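By written order: A, B, C, D, E, F, G, H, I, J, K and L. Residues from 1 in each chain.
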Amino acid sequence: MSTVKSPLPDEARKVTGAALQESLVDLVDLHLLGKQAHWNLTGRNFRSLHLQLDELVDLARAHADTVAERAVAIGVNPDGRARTVAETTKVHQLDAGYLQDDKVVAAITDLLAQMIQRFRDRIETTDDSDLVTQDLLIAVAQDLEKQHWMFEAQR
Amino acid sequence: MSTVKSPLPDEARKVTGAALQESLVDLVDLHLLGKQAHWNLTGRNFRSLHLQLDELVDLARAHADTVAERAVAIGVNPDGRARTVAETTKVHQLDAGYLQDDKVVAAITDLLAQMIQRFRDRIETTDDSDLVTQDLLIAVAQDLEKQHWMFEAQR
Amino acid sequence: MSTVKSPLPDEARKVTGAALQESLVDLVDLHLLGKQAHWNLTGRNFRSLHLQLDELVDLARAHADTVAERAVAIGVNPDGRARTVAETTKVHQLDAGYLQDDKVVAAITDLLAQMIQRFRDRIETTDDSDLVTQDLLIAVAQDLEKQHWMFEAQR
Amino acid sequence: MSTVKSPLPDEARKVTGAALQESLVDLVDLHLLGKQAHWNLTGRNFRSLHLQLDELVDLARAHADTVAERAVAIGVNPDGRARTVAETTKVHQLDAGYLQDDKVVAAITDLLAQMIQRFRDRIETTDDSDLVTQDLLIAVAQDLEKQHWMFEAQR
Amino acid sequence: MSTVKSPLPDEARKVTGAALQESLVDLVDLHLLGKQAHWNLTGRNFRSLHLQLDELVDLARAHADTVAERAVAIGVNPDGRARTVAETTKVHQLDAGYLQDDKVVAAITDLLAQMIQRFRDRIETTDDSDLVTQDLLIAVAQDLEKQHWMFEAQR
Amino acid sequence: MSTVKSPLPDEARKVTGAALQESLVDLVDLHLLGKQAHWNLTGRNFRSLHLQLDELVDLARAHADTVAERAVAIGVNPDGRARTVAETTKVHQLDAGYLQDDKVVAAITDLLAQMIQRFRDRIETTDDSDLVTQDLLIAVAQDLEKQHWMFEAQR
Amino acid sequence: MSTVKSPLPDEARKVTGAALQESLVDLVDLHLLGKQAHWNLTGRNFRSLHLQLDELVDLARAHADTVAERAVAIGVNPDGRARTVAETTKVHQLDAGYLQDDKVVAAITDLLAQMIQRFRDRIETTDDSDLVTQDLLIAVAQDLEKQHWMFEAQR
Amino acid sequence: MSTVKSPLPDEARKVTGAALQESLVDLVDLHLLGKQAHWNLTGRNFRSLHLQLDELVDLARAHADTVAERAVAIGVNPDGRARTVAETTKVHQLDAGYLQDDKVVAAITDLLAQMIQRFRDRIETTDDSDLVTQDLLIAVAQDLEKQHWMFEAQR
Amino acid sequence: MSTVKSPLPDEARKVTGAALQESLVDLVDLHLLGKQAHWNLTGRNFRSLHLQLDELVDLARAHADTVAERAVAIGVNPDGRARTVAETTKVHQLDAGYLQDDKVVAAITDLLAQMIQRFRDRIETTDDSDLVTQDLLIAVAQDLEKQHWMFEAQR
Amino acid sequence: MSTVKSPLPDEARKVTGAALQESLVDLVDLHLLGKQAHWNLTGRNFRSLHLQLDELVDLARAHADTVAERAVAIGVNPDGRARTVAETTKVHQLDAGYLQDDKVVAAITDLLAQMIQRFRDRIETTDDSDLVTQDLLIAVAQDLEKQHWMFEAQR
Amino acid sequence: MSTVKSPLPDEARKVTGAALQESLVDLVDLHLLGKQAHWNLTGRNFRSLHLQLDELVDLARAHADTVAERAVAIGVNPDGRARTVAETTKVHQLDAGYLQDDKVVAAITDLLAQMIQRFRDRIETTDDSDLVTQDLLIAVAQDLEKQHWMFEAQR
Amino acid sequence: MSTVKSPLPDEARKVTGAALQESLVDLVDLHLLGKQAHWNLTGRNFRSLHLQLDELVDLARAHADTVAERAVAIGVNPDGRARTVAETTKVHQLDAGYLQDDKVVAAITDLLAQMIQRFRDRIETTDDSDLVTQDLLIAVAQDLEKQHWMFEAQR
């Protein structure tokens, strides 16, 4: 079976690949949780948050796709299956059932803050291993930090 | 906390809600696996399948949203979190790593065939409990059966 | 003067026609009241509700048109004039003057809940008289029940 | 409850508000009757008139919205509910049942001619009370007079 | 050669397949005759009918495609070749040469009325054999009955 | 009944009209067969061919319309009814049932090659009888020869 | 002052230039008369003809532009001023005042028939002088002959 | 023959109608001359002016249509035929043949300045006779004065 | 250097020019302050207000452009530089730093109310000096008064 | 009042925040001056420059928004009010009154050259303090340097 | 390896193929030189020419594609590689380095004039060998001659 | 003649300019070869590859434009003429004549792999000389590496 020849030396490929796989898990879990809140939301700000969460979901899906395709482009197989995400995610989970609007704002703000720190670490890591991947992770961080502000501002 | 008053009597709501939650798990897992194959695909038919899998993903995401919003509209909380999907899914999983094109065609054809039977059972069930939900499940089945044919035709 | 030949036998046409005329009155009154609230609204959630009410109005207008054209397609004349609506409507009316946002949410939630029951009865009725019309009323009910949830969620 | 502070002195507000409320009733009734004819039409020119009536309906709905929002912008509550329209309208009503195409042309031409005179009177009135509202009523009159010509031309 | 595995048991597949094949012949012949009239039309209402016939053609083509793809999705080969259509169609044919506008209105109205009855019979048949196919035939019937009204209204 | 006055002298009109009628039969049969293959296709290249056949169908339908409207514009009645097509077509027919992808490529390539020769003959013929019609047939030939190459290239 | 160097020898340029200038006058007058009828039309078919005349105007304006730009591209100055058109036009003029719909159909049909003959003569002329210009005049003739049919068909 | 009933008293109709007919002649001549310059232009600023003149042409055509339809809406027949324009226009004409860019700028600037004065007079006139028409002429003047500035600025 | 010749007499030009320059300062400051609030906003209604403020900014920018181009069209140079705005603005300024949502609503409502009075004065002034400019200021006032209502309604 | 928690340590936040605030002042002043020139321009190249300046304005506005939102996302309040811009801007100002086209080209070229140097310094600064902000400033510099070339090329 | 069966006899194919290959070289070189000038341009008319050259590039690329696909459609392999173009082009080359605007206008005008003569020769040649190809070369010539005028007009 | 003042010091400009010129040659040759394969392709995967190659061509053209405009923005003249490309390209050339699909996949994969290494070297080089240019080259590398994967995956 054909395998993709990496443009990176082995060590760099390994380090960069790990950063991308972790990013993928973050982003897949983000869009699953974003939808979970989008559906189970209640409270005065329902409509406004309902729409904002869908923007977060779209953004997470688009970045997940870019991140996974970057992995395979450097010869590393991305894994975004439900079990892999469930078992390796570092994202704080939401409860089942109805979710009150102010609790959703707080929870999303917090999980974004933590995810941002993980992305900033990966930006550090890839500074040595692959500038092309780093550029892509910086773009993700820019969007996550903007979303973080927009949730925190209404806390 | 506000909870949605169901337009259905209790028993009908319970039966219908269960059908919708199972459908949601099917459809979320379908879009996660569709993406998994979209990324890790290899073989002569790479480009054609790569694009077709993205159509399947879009379709699964759109139906998952409709199904989950239907659940909450009848007063049942949908659950589409990674762990819930990983633990309750009945969908046959794909392996990690590169996926050969003909194996992907076979695997997707088979998992769609099985998913279609589950949807047909739910269409039976909701014939008594809620015609409005049934109509929505029929629309999902129509699309899945069309996709099934289009994958099987190239087997 | 030409009259439309019905594809239905007489009794079925009469029963189905009545269901459609009642649906038309519901939907015309819904879009008039939706606009009434859209204009006279006040309160913290003004903008969000103002926009949401316009979505409800668009949806009610589109379904009213489909319902009325269905009536004439089976040889029954729909009547959506102001006086007919005013005199036969079963929709609970809004007061004149400014309308506080939370009161609007409560009022719309309630009138949708009642309208949904009437549509569910008509779905029952047309199960025997005309499956084509039933399909169309199911589509209306789907949308109304989704709107009902979205208003109730912010109650 | 918050009320909108008017940019107009009291007397001007009262006179202008009355002109706008009457205009609203004219325009809501126009779009209800336009639809009534759109649905119940018969005759050789069915398709052409069916489409033209929908243009009239769209135009009436757009102007009704502008007129009502102008009312509330000057601190006057618009009232577009079915009963209010039914009881205060000055528009000559259409009969129930099928409507022959040439009769529809004649009826619409006549009711537009009368409505235009009422708008011209309101343009006079608002010349003293509010130039901003007058400008908006002039725009309505322009469109109604163009429609009047287009219906009369095929009489 | 790969053949599509049907989601239906054999008897249901046979009955449903026959209903779909007959529907396909109806719809292909409808779009061929619609074009025939679109081209050879004469009379005062030329332009209006010329455009309306093209809408009918578009609608027939879209439904023909859906119906044929549904057939193959349940493991039945659709046949829409000229000879098959010519030999099995039940649609009353138009004459060659110029077609006067009022004759076209009458002919299309009549052939739609008969086609609607055939679709209503197939809706009955598929109520037992396949609800997914039935839903699709109901959608065709809705459109044909609306077209029927719009042709008949100008008779 | 009004008949269209031809801009051509009688003999030229007759010759040109015959060329257009034969072209119409070619193109109608081409779009019917294109759809037949689009639906009943199987094999590895299913998706790619399925899409390519639809492009061929669209192109054949658009040219058929232009050709038929040209005929009536020179005072000749086009005939595109199923029976006429079935009885006068020179296009080699496809079998019923599933069609293997490589056989479809071969069959379409061949039938296009033959159709192209017929169009080249008609271009010769109309060089004397009507340059305006010739220009239109050249445009058809350009598209058919491009399609022919694109099918043959994958043979 | 810069003048455009012609790609044609002098005699060919002169003949071709004359054909283009005459075509320009035809097409400018056609769009002025098309608008004249568009505005002053009355009668049962008002709306249908009103729209059709605007299509004719758009078509005439587009071709006038192409024809004039072709003239200057071969080094001949086009002249489309009101006086030039008024004094050199060969198009039969419409009367001032209201224009009855059937009279408009007859008048436009006749003036198109005559204009088509003039274009056919210019196609002859340019067969020797400039094939590039001829191709462009053929395109104009195609459209005019289609319009001619569409007006004549409703005579 | 049907004639349009004017919403204006006789004297007002006459005065307003004259203002509209003169405006129509101005605007038709403006778009004919705009095209004349668009085609015959030479000089360094060719491309920039060529595009700007087409914007002027579009604007003149759109206003001409509105002005003419306003005339007929008040019961006055507009006349935009070539001879009428040639004989009654007050617009200073451009010469035949090539037109140098700076001369075009000067000529258009001057003819716009004069046309603007005529429109300002008509705005005065219609202040008494018809406010609805006045509003429309003000819109024309606004655009012409903006164009005047944009041509003069590059003088 | 070329200067634009005014269509207005000197005195009228001076008065009108002053009204336009003051309007420009109002509108430039409005879009700068709208953005200031858009960025520094906090509170529960963050998202809704954030979007609404951007609509206000777009509207202010569009009107500022029209107003400035009107000034130069009558031969007066508009001045929208930062220092000019800072020194001549009459708009009440927002504080630096975070801005609480309810305070923003109150501040914008108040500054719009005052700006509206200034526009109404300018509408008075230009009634004598330039009706074309007045029409444009009325359009600004219409939009500002609508915005004022929409902010005040959520106070 | 809620304040945004910065993803940066204090010193880095301070340095980065200062770079962003200075960038904001540059970009707001750039769009105000771009508009000033857009309006007051004269000379042969009026139209071309008028359009080019609007592209510069759009670009400056879009980057200003991104820069300001980045500031608040790292917990620093951006300040884009008129007075702040007027008092802290380092951009060389344009004079009031008409601006000759070649002078505008020279002035814009020069002020862009200086602004580019300031952005290059900020890119240096943020290399240590925040790579995410740096990426954003690089994007601004890319656009400014392209604009600089396009103005300088026509000097 | 599959080769495309030509619809042309051998001699005609050879002659036509040569004409197409030479046209391809002309058009590829035209788009490379158009871009060369687009990038290295300087002078007062920079922006206007910069945009015009891109239109020329788009046009040359589109025609190059059509010409090359026509070649392969008649069984002749097109060759558009850099070396082939460099060695067989007849187009006069531009110098390296900055290109003054008036020199670019002169150079493009001249190279287009020469290219047009070559296309006119190929139109002659293909009149005997292949009318379908000729039609396509006429379309190229039309566009090149229009571009030639538009460059020459600003010389 | 005006020359662009570089924002870079001399040495940095020289190094960066060389990197950009080499990138330009790579990208121009890539789009010429992409088209060569697009036209001369044969084999089972014809259609899929034919489309994919056009995506590669579009991408190469867009990046070539950005790279060349960046060169001139830093004061270096880009050279993309056919002879320059032919003589300095390092891209492995395709043969003339038909190209079998699997050979094309292999050839494009290999030439992309080599081009990627050259881009990675230039990213190294510009890390010191110009971060703004580096950012742009990283974007090119991202796209080329993605394309490389997509070709290699189907090898």
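Miscellaneous remarks
Keep this in mind: a contact is a pair of C-beta atoms (placed from the backbone, for glycine too) under 8 Å apart; a residue touches a chain by one contact, two chains touch by 3 or more.
Owing to the predicted nature of the structure, the values given are computational and were not obtained by experimental measurement.
The set of chains in contact with subunit J as well as subunit L comprises A, K.
Touching subunit F and subunit L together: B, K.
Comparing chain pairs E-G and G-K, the larger number of C-beta contacts belongs to G-K.
Counting the residue numbers that touch the partner chain, subunit F and subunit G have less than half of them in common.
Between the two copies, subunit B and subunit L, the C-alpha superposition involves a rotation of 120 degrees in steps of 5. Per-chain CA centroids place subunit F at a distance of 49 Å from subunit H.
Separating the centre of subunit J from that of subunit K, both taken as means of CA atoms, is a distance of 42 Å.
Within subunit J, the positions touching two or more other chains are listed as 2, 42-45, 48, 69, 72, 135, 153-154.
Contacts between chains, counted with the stated touch criterion, involve the pairs A-B, A-C, A-I, A-J, A-L, B-C, B-E, B-F, B-L, C-D, C-E, C-I, D-E, D-G, D-H, D-I, E-F, E-G, F-G, F-K, F-L, G-H, G-K, H-I, H-J, H-K, I-J, J-K, J-L, K-L. By the touch rule above, subunit E contacts subunit D in their complex via residues 44-45, 48-49, 51-52, 150, 153-154. Contact residues on subunit K toward subunit F in their complex (touch as defined above): 2, 4-5, 7, 69-70, 72-74, 131-132, 135-136. Per the touch definition, subunit G reaches subunit F in the complex via residues 113, 116-117, 120, 123, 127, 134-135, 138-139, 141-142, 145-146, 148-149, 152-155. The touching residues of subunit J, when paired with subunit H in their complex, are 41-48, 50.
Taken in their complex, subunit H has these residues touching subunit G: 1-3, 28-29, 32-33, 35-36, 39-40, 42-43, 64-65, 68-69, 71-72, 77-87, 89, 93-94, 96-98, 100.
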